[in-house]
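Order as written gives the chain letters A, B, C and D; numbering starts at 1 within each chain.
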Amino acid sequence: MNITLENAEKMISAAKEKAVAINTKMNIAIVDAGANLVAFVRMDGAWLGSLDISIKKAKTARFFDMNTGSIGELSQPGGSLYNIEHSNGGLITFPGGIPIKNSNGEIIGAIGVSGSTVENDHAVAEAGISAL
Amino acid sequence: MNITLENAEKMISAAKEKAVAINTKMNIAIVDAGANLVAFVRMDGAWLGSLDISIKKAKTARFFDMNTGSIGELSQPGGSLYNIEHSNGGLITFPGGIPIKNSNGEIIGAIGVSGSTVENDHAVAEAGISAL
Amino acid sequence: MNITLENAEKMISAAKEKAVAINTKMNIAIVDAGANLVAFVRMDGAWLGSLDISIKKAKTARFFDMNTGSIGELSQPGGSLYNIEHSNGGLITFPGGIPIKNSNGEIIGAIGVSGSTVENDHAVAEAGISAL
Amino acid sequence: MNITLENAEKMISAAKEKAVAINTKMNIAIVDAGANLVAFVRMDGAWLGSLDISIKKAKTARFFDMNTGSIGELSQPGGSLYNIEHSNGGLITFPGGIPIKNSNGEIIGAIGVSGSTVENDHAVAEAGISAL
């Protein structure tokens, strides 16, 4: 139950379109159900540091089957998952990562976007999700 | 003075039973007195990201011979062990890791559980401890 | 298409039995189709260094969908895959890792065994495979 | 002087076409002049372990501005660059990585391909290069 490359490319295409529409330059990553990279693009001029962040967001979303921002709410000082980011070779727990589900509701991968505000990152990830 | 595989498997079996009883899917890891993995299981459908966290909880509990949650109380901003999670290749300091003692009170390993709320993680780890 | 924990435990049980039968002490690891750990045991007194090797063998077998020893034949000095071991955080390319297939011939994971000669390691891995 | 995403995607598209033509399933990575990933695809069913190898081949080709196979000739036992693979977080020095030049002959990135024999990997990388 893995996302296909064809669908991953559809998602990336839609995400890029959204990124252009809101005047941002994004790194966009798609992982499969095993949290392994399927497709990635870095738009011209996008932040270099967001390369790794976009991949980590996608992995994080699949690792815990939820939006990355939801984990970040629990990992704050005093929170129940404080400093969970030290696991799995580094998590990113602010918005921009979203699990991908098939038509049966099964999780088949995740998308991660980084390159602008977390609100924009999340919006571009959502645009990718909507393309499926 | 190390936990045996036989006892580690007893603990994992009891922990799995508890996990099922409270309707959770867990990653369960046991390390020995040297903080090296002895046994591990990931229940079907358990979070992928909890694999590494369960092992890190077990290691963390043995590294400092206390429950992981106790370390997390000291590692908060302003706390005496602030950001200790950066050591040892990454610690996990929220609940779910517990040292294992023999009948003489000597520490012979630790158990780490991850896959649900930290309360559930800790309860399943306790169920493992009680099996000895 | 992932191996279940129940089947992974069946395999480990059979592999342990074989290890005892040939008077060895083994580390035994099972990964799923995404190359993520599903189950692991280290028999009492087994080499500590074989812990990581058994996991790397299982991952290597799934990474390339073949027995680890087959890769080692190609990674020798002068071979076409010389020093491939530097990829993926470290591969192990001598015998002891074997892909796991379901009844349709699809690869659903891999087993890795380490703790004795590579011949014994492979034999114990085979015993695990035969249990399915 | 960096390859654009548009050109990277053209290269990947041509490389995928070649991969299909010769009946292989490839991981294909493009890095820029800074050796940072620009675009990546893993074809459905391609070896998981080739994900990292394709990226390392692209980086290696740009790190030293030559085909990866040329470095492998020097890194053999007794060779002048023996075990250079230990540097830079792991190099891959067998064929499949090729620098990308612009029309002035300046190197603007590199392509790395992995998923079959090294001859096929190199042929698919060449197909990508030819698309520019």
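Basically, contacts are C-beta pairs under 8 Å (C-beta built on N, C-alpha and C of every residue); 3 or more make two chains touch, one makes a residue touch a chain.
All of these numbers come straight from a predicted model, not from anything done at the bench.
Asks: Look at both sides of the chain A and chain B contact and report whether the same residue positions are involved, with over half shared, or different ones.
Replies: At the contact between chain A and chain B, which are copies of one sequence, the residues are largely different (under half shared).
Asks: Taking each chain's centre as the mean of its CA atoms, how far is chain A from chain B in angstrom?
Replies: Chain A and chain B have C-alpha centres separated by 29 Å.
Asks: Express in whole angstrom the distance between the two chain centres, defined as the mean CA positions of chain B and chain D.
Replies: It comes to 42 Å between the two C-alpha centres.
Asks: Could you work out how far the Cα centre of chain A sits from that of chain C, in whole Å?
Replies: 32
Asks: Give the residues of chain B that touch two or more other chains, as numbers and ranges in rising order.
Replies: Touching at least two other chains: 48.
Asks: Linking chains that touch, what shape results: line, ring, star, complete or other?
Replies: Graph shape, chains as nodes and touching pairs as edges: none of the named types, so other.
Asks: Can you identify all of the chain pairs that touch?
Replies: Result for touching pairs of chains: A-B, A-C, A-D, B-C, C-D.
Asks: Flag every residue of chain C that touches chain D in the complex, lowest number first.
Replies: For chain C paired with chain D, touching residues are 34-35, 60, 62-65, 77-78, 80-84, 86-89, 91.
Asks: What residues on chain A touch chain C, complex-wise?
Replies: Counting only chain A, the residues touching chain C are 1, 32-36.
Asks: Which chain B residues qualify as touching chain C in the complex?
Replies: 2, 4-6, 8-9, 34, 36-44, 48, 51
Asks: With touch defined as at the start, can you tell me which chain B residues reach chain A in the complex?
Replies: Its residues touching chain A are 47-50, 52-53, 56, 72, 75-77, 83, 85-86, 90-94, 117-118.
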